[in-house]
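These notes concern the structure reproduced below.
In this document, chain identifiers A, B, C and D correspond to the written order of the chains, with residue numbering beginning at 1 in each.
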Amino acid sequence: MKRRIALISTGGTIEKTYDELSGVLANQVSVLDFMLATLEIRGVSIQRVSLMNKDSLEMTAADHTLIAETATKLAATLAGVVVVHGTDRLAISGERCCELVGTPASPIVFTGAMRPYELRSTDALQNLTEALLAVQLVKPGVYVAMHNQVLQFPGVTKDKGAGTFVKEPPTGTSSPGGSGGRG
Amino acid sequence: MKRRIALISTGGTIEKTYDELSGVLANQVSVLDFMLATLEIRGVSIQRVSLMNKDSLEMTAADHTLIAETATKLAATLAGVVVVHGTDRLAISGERCCELVGTPASPIVFTGAMRPYELRSTDALQNLTEALLAVQLVKPGVYVAMHNQVLQFPGVTKDKGAGTFVKEPPTGTSSPGGSGGRG
Amino acid sequence: MKRRIALISTGGTIEKTYDELSGVLANQVSVLDFMLATLEIRGVSIQRVSLMNKDSLEMTAADHTLIAETATKLAATLAGVVVVHGTDRLAISGERCCELVGTPASPIVFTGAMRPYELRSTDALQNLTEALLAVQLVKPGVYVAMHNQVLQFPGVTKDKGAGTFVKEPPTGTSSPGGSGGRG
Amino acid sequence: MKRRIALISTGGTIEKTYDELSGVLANQVSVLDFMLATLEIRGVSIQRVSLMNKDSLEMTAADHTLIAETATKLAATLAGVVVVHGTDRLAISGERCCELVGTPASPIVFTGAMRPYELRSTDALQNLTEALLAVQLVKPGVYVAMHNQVLQFPGVTKDKGAGTFVKEPPTGTSSPGGSGGRG
């Protein structure tokens, strides 16, 4: 009786691999399946959706819309959706989901990484682990799960200095807090 | 505005280290702090409690009671408690928490590992990551978080063949499912 | 024009793997091929010989003789032989080679590890790397390559306290030094 | 009675680290000391010389001369020299050593890597291990040790397609083979 979720890959730092000839890290092949192979996944069954493999700095408005449409559509029929995304423009795709449907039928959880999985020291596995757990625990909504935090859209932005996501304080309301889990 | 939680270490496979002279894996020093150093922890601030360092097969009834009393007491004043525990007797300590207080004041989340952190291939980091996220997302109660699942006590047991925890189906009730997150 | 060498596996700590059910490290399957897959081997072509898979503390006199006979026989037709061996009794097999043939036709290089390859922190890859290089560089003879040292038999023993091999000072001779490379 | 050698770092792929802000791998700090900390070094005692930290594609003629002069000078007083160098221009520094002194007083062994140490999958540790062993085993001369091979200058070039070093066949001579160890 596992929950069936979609895992959408769009690229980003988390999936960058090293090209020996050019000596740079780039989005070439998806390494998500290698990451999944190192985890014990018993709570969800995963439907893989390879949507694109882009550094999010290169995403167009059409890309963000495609990601949001795909995620909200899958959320309508599955128990949840996890989206792996470059962190630089992750918040744009997250906000786009909210604009499209307000609250999706099941949780949509974005994640990414500041350091590629290919690196010896990386936050990729931590963040993927968190997204795959959070999608089972939070109420329907749009979130980012990363660095031991689950933050709910709208109002999430990347703090480039700190290298992580933060929740903007809502204006004129007495918010119960940023983490969407129990609020 | 991080949640303050306690992280109680009691030993178990997850913390076993290799002794070159004897050639065996044993509970010697806590490796929890090394594990924490590899994670980005931004959702919680952690108060470390080193309670014991035992293979759970060697725990006495008094040990289980001490663990349950310590966890429930800390849950009364903090936003949550994570307990790192050997998997063989983890369920005994979990049930003891339920017997002591029914529902604790904040979530108590047990975790452990089938393969020590010292191994190249291990579930230790995944499970610790999950426990440190779940403790922020679930309602007050006693849980085990491991292998992409959060299961709520009472009624959780280790399936030794599968090497993981399972939730016994409640008898005579129409349960909403095993994972305690949204139930 | 690679040199063709034999790689004999006999077990030992280097090859121990973790059994989740019993919670111990034991010699079960050879992990040598996994190790080789992580190295770039361009100087030699390797003929794998899986002779036994034993903790060397459990080796009998017949085992040591079998290892020595196999190694010296292969050294007669190939450009070299590497033997992966438990460190506790490695020196017995090494001395047995010297007793059998004095100087073999091509180098026989023993190696092993103090910490299994399965561990996150291990000397297994370093030692295997060294043996596979030393076998190309030293003169015909019997050696152990480990921990950045190449020591020539006879007269090599394990220093259990230091967890490594040492060369006994030869008595009454003006030795050119323990490392067999240039002597 | 360890041999005293110099370990000169000049940069190159082997030492590149990841900059989270820019998302690129670059020569920033030397990671050689981290690598050394993961190895058991008992055959040599190491004198670290941090000469420069450059991608070798950016080395000038003066850089190559400085490297060659430093290496040959240190070879005159120590038991050997290991030089960590970018692979693209490694052969230029190697040939420069030969031009300067012909045969140095003790072995000079160059090494590098096709994939930075920072990557999960890297040849950096293998190559450093090999250089630190080869420097003890080969005759005085200038070499590159990498990928299970020790090749002697002059006449070594990088095969960019294969991503490794090769020895050009000497013209008009019946060479005993490329590896400098026993030739």
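Note that in this section a contact is a pair of C-beta atoms (placed from the backbone, for glycine too) under 8 Å apart; a residue touches a chain by one contact, two chains touch by 3 or more.
What you see is a predicted model, and the numbers here were worked out from it, not measured in a lab.
J.: Touching both chain A and chain D, which chains are there?
T.: In this structure, no chain contacts chain D and also chain A.
J.: Counting one step per pair of touching chains, how few steps separate chain A from chain C?
T.: Tracing touching chains, the least step count from chain A to chain C comes to 2.
J.: If you tally the C-beta contacts for C-D and for B-C, which one comes out higher?
T.: More contacting C-beta pairs are found at C-D.
J.: Averaging over Cα atoms per chain, report the distance between chain B and chain D in Å.
T.: So the centroids are 48 Å from each other.
J.: Just curious, how far off is chain D from chain C if you go by their C-alpha centres, in Å?
T.: 26
J.: Go ahead and note the Å separation of the Cα centroids belonging to chain B and chain C.
T.: The computed centroid separation for chain B versus chain C comes out at 42 Å.
J.: Would you mind listing the residues of chain C that make contact with two or more other chains?
T.: 121
J.: Pairwise, which chains touch?
T.: Final set of chain pairs in contact is A-B, A-D, B-C, C-D.
J.: For chain A, which residues count as touching chain B in their complex?
T.: It is residues 1, 38-44, 121, 123, 125-126, 129-130, 132-134, 136-139, 145, 147-150, 164, 177, 179, 181-182 of chain A that touch chain B.
J.: Of all residues in chain C, which touch chain B in the complex?
T.: 13, 16, 18, 20-21, 23-25, 55, 114-122, 160, 163
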